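Below, chain A partners chain B and then partners chain C, in two separate complexes.
Right, the complex of A and B next:
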């Protein structure tokens, strides 16, 4: 025995049944932590008067022990205890809570929902068993469905750390872990399909595409069987909680997304994936859902929070109904100081333990509501996240609206840190692309990083996460193939999903053999991608849009574990010209810092180049027509002003014509000693529609260029 | 869990049979660690191991680190495809030298 060993490695108490050696624990950290000789359990409840630790062997139906926390082990509202000599690798644990309130009946409102019968998941569980393998039907009679386990958290990161890519240099690829490689065509080994390991195998593809950040739809433990039901169109198939926007545990990765989930090694698998992405220069952003939990409303299951401390975790009406600002049954009480700390603990854990580079907050406006639902001027949670030292270099991205009617794009409380999913960018780009009138002014704002939303409050262009498509809504191919949503397969009579899609089918609803329509759709997809990739701010591309993925008009595929969601890699070959276009457009952005400014344009020449940083043109050079019926616009980015004049780049000219007729664009003079070269012309047939950066051919007529109907041209002066 | 050890020509060959998990990993460590001296060369023959748990992999990595700390070398041979796959997915394989057969493992240890 080492004489310097601490004496607290020895037990001081014995459990009442005489089977377990115990010791007073520590209230912090919350959750279950390995300590010398045992496990420290710590759980809080503001109103519980007694707590019992329930221990299971992995997968066992019945617990092997129930150990009440001795009264003297409680500090404040925290029950804590060390239990010695546990086989912690095969251990599952939960809690029973007691309080002097009547048990709440299912379906009835109640402020408190304590019930000793329920075994409750630790909100701080780092590993959660019970749904170890995706889609494996659970035992519905199980007394404890989502089972807390203990993580080692001893991963060897070697020299890795979050990449800290400057925000304006990011190109985000929004994706779903399972959808990415679940399809047999992914070429991934069968045992790895649809998993973190499968994603890791596909890193070379992401590198080839050129994106430098992936944004993963929720990967915190969720229950794919939540609200599962037979598919009305195919009774052999279940509709499930496929997207995962319904969190069971905020500290645990989704076991069903891990090829090693059946071995309980999802923590290592996800970390190994992150490490490998980082090695390849790709950041990892997590879509986090703090607005509600998987417990639903009064009728929902008792999993954890409501049984531990209903009044603390949830926003409740005075009668004890759940407020529903999330549209999902309940609302997490994020500006309660206890819940706020849990959110902070959670993000700190993911940033430090998993080296996560950033977070995108689903329905983030909810995080700015007080416990009664009112929007706060300076929400403490958002402030705490913005100023946190561990999160200091993380990207914080808000979906700046909620289902309760709060819409804060441009006004989200930012504290100098928060970026926003720019829903207005999406809407404007869509309207312009389909040829709506009155859009050129708004479009001009969008391609500049939306200064009308952000400049006045001192927020940089990278505040704007620019996107035309995201998981919510049509894919890019469907955006140009459908006027209306076709959500019958969701089993809600096509009532779910957004009706405001600003989509245009190009003349026929859905798939068609008409070559003219096909060509127009291909052009429209290119127009969308190129405008996205030459806009200031941060572009976000939806998984599969680069190869023409379709959901057959379904704009809300949250419930389908099927080919409707799985990426068909056969499209890569089928639509290779589209992939090539997208890849070149990304490479073009990466090659040209003038597209990635750190600050907003000043609309003047402040480096002495003879050109303003940005200038506006139309079919006539130096004359932009902003009138409502105009559908043509062009702009010139002066290369000497790149990154606020700190680097020199080529001067770039972008012209867009969303009119149904061709237009001749007179070109402004390129800088002295340079000539116009063509990088992209979506009106030209493949392969003259795009050129690999560096190989752009000289434009024959330097005075002007004809833009075909509904097309975009990008020229480079060199 | 059955553990056989044999040292010839300065190389310790450890042959394991049975699962390596939380209950058997300490046994492996207790048997092998005393044999690790400065500059040790250790070959772990895993041919008889059908399953390794998370704790088992950790015990192995810990062993590897202790050998490396004493400027020794450790090589794994005969990993089943499934174990090798798990180790690859979870990142453990990156830290080990692994060879297909005992002969290849011995050759690795004899080089340098």
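Right, the complex of A and C next:
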């Protein structure tokens, strides 16, 4: 039997110049979608009265066609149209919008910023050209800088899908795609340095380290040339938007991060990287920046959103100035239903099309503000994300504060789903490590997964993303090498970057040949890493901290495309003892489920082991001194209570001494039939400071152990 | 360089030779050649690439199409790809879907 061929895919209209066959499009999905014989274009604007589709051949200076959307093709506030017979492999497109409002002058406030002169990027563009090769100087006279292109959904995923690693089992490695392999010492082929393909080449390193999730600083299309300026310390060098916390397009991968960007294959390259990471048991979390865009304030460029629908996409004062809760010039209007849907569409796209495992939301508290900037009790966007069926298995992680003063660590509207970067964990660990008084109580909360923040509201330990360092701030080595930030290279008179670092230089500001100070710094780094990796919750390690990366005291390197940011792989050899310590500490965490509990401790024995799930000790067994001047604390994790008693593990004892003097710690008895063995002692010289899991030597004196000044010991009962 | 594609069936082996630049304008001819292959009676698809000098995104799209059309049971070979083409296949991960060799015997 013959089947009637489709009759709904034939042109019904012709463009006014007679060159293009058209048909009424579909308003959904937004963006440009391939349909039989053509491309469906759909774009939204609440206030525009007319829209023109502008078509370019790839890289062409001038458009080859401008096709106004026929009036009858507009449904509601959505312009939609199918254009037939386009060479979509070689196509770039944009829009011109018209509305009956006076054009806004640059630098002046305005509610609407329609201007037919501007060619606008589609907010739903899946591929964006214009910055195809990282750092290649753009043509500043270009009429259309960030050019929408069409993506294809034909990647061969085989049997891949997001890994769904239980949150409490995650160990996150926060990293920057370009910084990871840009340095010549990375050993990556030159043409792949600083790219997704380069990162893929280094997956064996990540496996060796033992992390099972990478968190990528922004990989959505951004413009490295945004606010670029000569480096005052080196005029031959440009200071650029290196970190990328300024999104141009939310649906498109950063072309300049792809070795194949100049060929337009960044989608394939990023997907291949994700697939290979998954094949190696490593999840991919994206740092997403929905709090603002690259369009800046009244003086910023017209790229997309403000030219399409300024009033919808941005939070505006009644006069038309941009609210600046982000500290970056504008604030995306995330709880406007239109913008909310765009954010949801975007994350669904990345989860389904790129198999992304989770998202970390930059300055996430902004997402909980209403269109006038007031914090909402039940922000609809956060709720929508929490209950979305496509995102149901994705990790959702909030940076639970914003630049407008909202600080929600412990109180972020979670809807049973959201985890948080635990800034209080960071602050407490830093203070304890440098020997501040009054910290043992807070430290005890931190190592338990911060139940004081989360337990009462029923939020599990894995809510707490524990970290001591992150891209914002000092590296771990700098945390123990500098008392003050040294950001002169940023060209802002050292006024940028945080002044509250809780850092301690161990006796000398910066690099030193003093062996005693070097040894102390090494010990402090180990102390930080081991406390992080024995804490309940989810540990996050900053790229390079495992090999002693330094930024020479710069705690805000957002603008440097240089060795200040690039990971120097020579450090791996130079500080191999540190890498080995970190690797073993990660392996120890992976080997011991008692460190990765699903629920909070109950402080009692509920399995009949004779020991509570957690007990507190000090220099005396079974006696913890919580007084302000105490800098010693120890805890015992009962292995029979691992994962709420569902699995059996070794019992583990952790003792920490942040005092500048050594202390003798009396040990609690290990469970019957077991003896204490030493996994780590940061006060011991290399190689006796750490042991590969399974090879821990028996502790000679089972009654007690001397902890050197500023050191941590981890014992295992077996 | 002008693009040329030729196909030869050798038992259950389809041999496709590509010459020149595989870009947006030439990819349709390549796709047509792949379309014409009788998948049910083909166990191996062998692409001779030593004279293929350039491959754009459109070319990669057809390679992916070829792999998916052949199905998991059939093998896809890339014989003697030039450096640019091999490099592109590596960077985009397509290399994992194909058997790369200097020569094809069989």
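One rule holds for everything that comes next: the second predicted complex is superposed on the first by the 714 of 718 C-alpha atoms of A that agree within 3 Å, B and C clash if a C-alpha of one lies under 4 Å from a C-alpha of the other, contacts with A are read in each partner's own complex, and residues count from 1 in each chain.
As a convention for this text, contacts are C-beta pairs under 8 Å (C-beta built on N, C-alpha and C of every residue); 3 or more make two chains touch, one makes a residue touch a chain.
Remember, it's a predicted structure, so these values are computed and weren't measured experimentally.
When both complexes are overlaid on chain A, chain B and chain C end up clashing with each other.
In the superposed pair of complexes, A:154 makes contact with chain B and with chain C alike. Looking at the shared chain after the overlay, A:677 reaches neither chain B nor chain C. In the superposition on chain A, A:87 makes contact with both chain B and chain C.
Once chain A of one complex is fitted onto chain A of the other, the partner contacts of A:112 are absent, as it touches neither chain B nor chain C. In the superposed model, A:264 makes contact with both chain B and chain C. Contact with neither chain B nor chain C is seen for A:311 once the two complexes are overlaid on the shared chain. In the superposition on chain A, the residues of chain A touched by chain B in one structure and by chain C in the other are 87, 89-90, 152, 154-156, 191-192, 197, 200, 259-260, 263-265, 268-269, 271-272, 275. Contact residues on chain C toward chain A in their complex (touch as defined above): 23-24, 27, 56-58, 60-61, 64-65, 67-68, 87-88, 90-94, 96-97. Those residues of chain A whose C-beta lies close enough to touch chain B in the complex are 87-90, 152, 154-156, 191-192, 196-197, 200, 259-260, 263-265, 268-269, 271-272, 275. For chain A in complex with chain C, the residues that touch the partner chain are 87, 89-90, 152, 154-156, 191-192, 195, 197, 200, 258-260, 263-265, 268-269, 271-273, 275-276.
Remark: chain B residues 21-23, 53-55, 58, 61, 85-86, 89-92, 95 touch chain A in the complex.
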